[in-house]
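The following pair of complexes shares a single chain, chain A, combined with chain B in the former and chain C in the latter.
Then we have the complex of A and B:
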């Protein structure tokens, strides 16, 4: 039976760091699935089958967490005792929030640009650049032991996740209109 | 959906001659159903009936003595005994009365007014549900397989559409239980088709994108799958639940009736079907209706159906867009459904994706064959081949929160099984109970998603607001079925529910909701939404007009009539002038709200008649 108490990283034999080897994660994930998936317990009794469902549920949850940079960062903080719900908790960095509003306004105004598609491409690039910078910031703050600052970086990642989604939707709409 | 093969080094057991476990794959279709199994040579084949026919029409006829006829016999008597002959039961699986109003026109059955949330259809053999009808079909296939294999089946894999929600999957499993079948797994139809072609067996190091184009008798589905390091993921599904091979027959029949001047619609339809099939092999076919004779060329036919074909390709384009992929990124195109035999379909689909579609396996049988291959592995007949198929959840699962909004707990395309917990708290002092409302869908508000279950967590000890810690745990098993548990953590008070669908909680129409929810996840669908809302507004206006025309004098006083007419003018104005779907929608909602008393009054009046066995279309007219 799988040890439910070990960290998601240990579960897949990975070091507890932000940068991870995705190939290794994928391989370990499939190996664990092959062993514990309910399809391997077709003939077992109900209790064993339930354990299989729960075990693979945990494996899948762990995999989803580690695959996403924001969730992985949040989980790393949880491992060192900083647990929070980023649905409720939010950043209070005024300058950051102002900047968010600026980007958002820029996104809304894309339609009136001279070349909307070129404009949205530029914005998307800017957004993903800033999102990458946040990841670097998170790693630096963790290394320096500044857990509060690291948490701040994770809270900000959430904003950029939304911006990425929005810029994608706008791009699609623009392309659709061209068709 | 996910699939991978792993052979564990050292564990490849020396293959002792082991007794083969009997297993089968079942394609439970809207129009036809099939059963397939893997023979001793490892080849998957569909099993024919005594007449050598593999396809079992998904039609069940109920007789007065309580007996049933299933398949061709039932189909043949459909015209003479329409009330007692049920076809397309799959469209009703997991559906409640509120869901089927939009299907009303195409459903001739008499529905009973009953307390149960599940639809009951009246027949001479008694009341039946879609689950029971499906169970009859499954039983017939089970018997066919057990006769052919000469022993009881250990288990089966049953296929379901990728977009089937929890209620529909649950209903499918219930039907299997009624038929006394052990279900190893429910498998997505497009995934089964991909498995039949062995696409999972190809080099799995690289990501493969697979498009499954499924044109059946009465439905069209397009699914985009991603096979990534062994995981089959449903990227997007789309299609048209009212477009199928029948529409192509219809195009020919219309032509025949025009050319011949005859009005023998039924004969024209069966002749049309024959002509369509003949045109698969020949460039020109002679057409006969009574004394009239004509000729139809393939070129003529292709022109007749061009708009139908185009419609399917537009759906393909939309699905690719939803999946965020371009046509060039698609590696394989799999053809499913008898209607994909038409040369024009193969040609246009090939052109669209710029590669020849896979057609080597009989498109009627390909899904059943894939299911059989998976059943064989699950039964343990291939110890060397550690194939494992992982599924993803097709629609997000969430909970109702304040203000009628939905908080997603598990996002769609999450690999299952999955267990996930979310914490909530009380929002009033001394609150001792909390309702847990489980929803499925992609939209933000409760009304726009499918309500799966509602249950209460009681006996929460009185505390100040926000002090209680209520943990709600979602557990989705390998078939995509959900169990929800709520626990107050400070005291351990628990409540849990196997999610069974809760129907009829609201009267909004859900037909098409599943696909809409996926489509609408993208903002680029606004134009379509606006169109839909305008159609919806027209429908509402028409329903009001026809209702008022028929009984406003009996049921309404002058003030009430004035009120309704004012609301009518407002809705019409907004519909004609607004470019915002939400605004039109709100106007429809407003109109409905104003007319609520009138609908209720008419409904009361109508329930009496409905109980006497009125058809559902009359019923729906009242409520629209």
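Then we have the complex of A and C:
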């Protein structure tokens, strides 16, 4: 049986670091998934079948968590005892929020640009560049042991996730409109 | 999850959307963000010489509940004193809009935004 208490990283034989080997993760995930697949326990008793379902659930959740840079960073912080409370955590970093507003406004106005596709390309690049900088910041803060600052970086990642989604949607819509 | 009629009304006909000059001394600006969902909210108040809020504007990038919470709040704060406004609780907003538990954080965001706006105004005096 799988050890449910080990970290998601150990589950897949990975070191507990932000930078991970995605090929290795994918391989270990498929291997575990096959090994514990509920179909393999069709003839087992109820208890064994239940354990198989729970194990698969854990493997899937661990994989989803490690695949996402934001969730992986958040999980690394949880491992060292940092709590997150989605209901009450708010961000009040004025300069950061002002910049978020500016990017949102720029996304809103893409349609009225001279070349909307070129404009959204530029914005998407700017957004992914800033998202990458946030990841670097997280790694630096973790290395320096500044857990509060590392948490702040993780919270900010969510805003960039939204911006990435939005810019992708706009790009898709513009491309659809072309045909 | 179904939105209440009040949320839909504010979402479809948001009150007081817009911006004021954030550098003006009689204007207070509050900006907050919700890391749970990536919503961003800006709320501004214009305060008269008598300490009463004359006007309020907001701009929110977020879900229907976040837009409704800030829209409702701009209606509420007009004509009120800063102390009255500071006493507004997120639960007042959540109750009025009948927000489901998963959307209560949107009302928290609105409460934080108005408090930040008042603090910004007071820091300028």
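Please note the rule applied: the second predicted complex is superposed on the first by the 175 of 179 C-alpha atoms of A that agree within 3 Å, B and C clash if a C-alpha of one lies under 4 Å from a C-alpha of the other, contacts with A are read in each partner's own complex, and residues count from 1 in each chain.
Following the convention adopted for this analysis, contacts are C-beta pairs under 8 Å (C-beta built on N, C-alpha and C of every residue); 3 or more make two chains touch, one makes a residue touch a chain.
What you are looking at is a predicted structure, and each value in this text was computed from that prediction instead of being measured.
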item	value
Which of chain B and chain C A:169 touches, first, second, both or neither	first
Which of chain B and chain C A:34 touches, first, second, both or neither	first
Which of chain B and chain C A:98 touches, first, second, both or neither	second
Partner chain in contact with A:26 - chain B first, chain C second, else both or neither	first
First (chain B), second (chain C), both or neither touched by A:53	first
Partner chain(s) touched by A:156 [first = chain B, second = chain C, both, neither]	second
Of chain C and chain B, partner touching more chain A residues	B
Chain B versus chain C as contact partner of A:90, first or second or both or neither	second
Chain A residues contacted in one complex by chain B, in the other by chain C	87
For the chain C and chain A complex, residues of the former touching the latter	31-38, 40, 42, 59, 61, 104-105, 108-109, 112, 116
Chain A residues touching chain B - in the complex, by the definition given at the top	26, 30-31, 33-34, 37-40, 42-43, 53-54, 56-58, 60-61, 63-64, 85, 87, 168-170, 172-173, 175-176
Residues on chain A engaged by chain C in the complex (per definition of touch)	86-94, 96-98, 100-101, 104, 155-156, 158-159, 161-163
Complex interface listing, chain B residues touching chain A	4, 6, 8, 155, 184-185, 229-230, 321, 324, 378-380, 386, 388-390, 407, 414-420, 423, 475-478, 522-524, 526
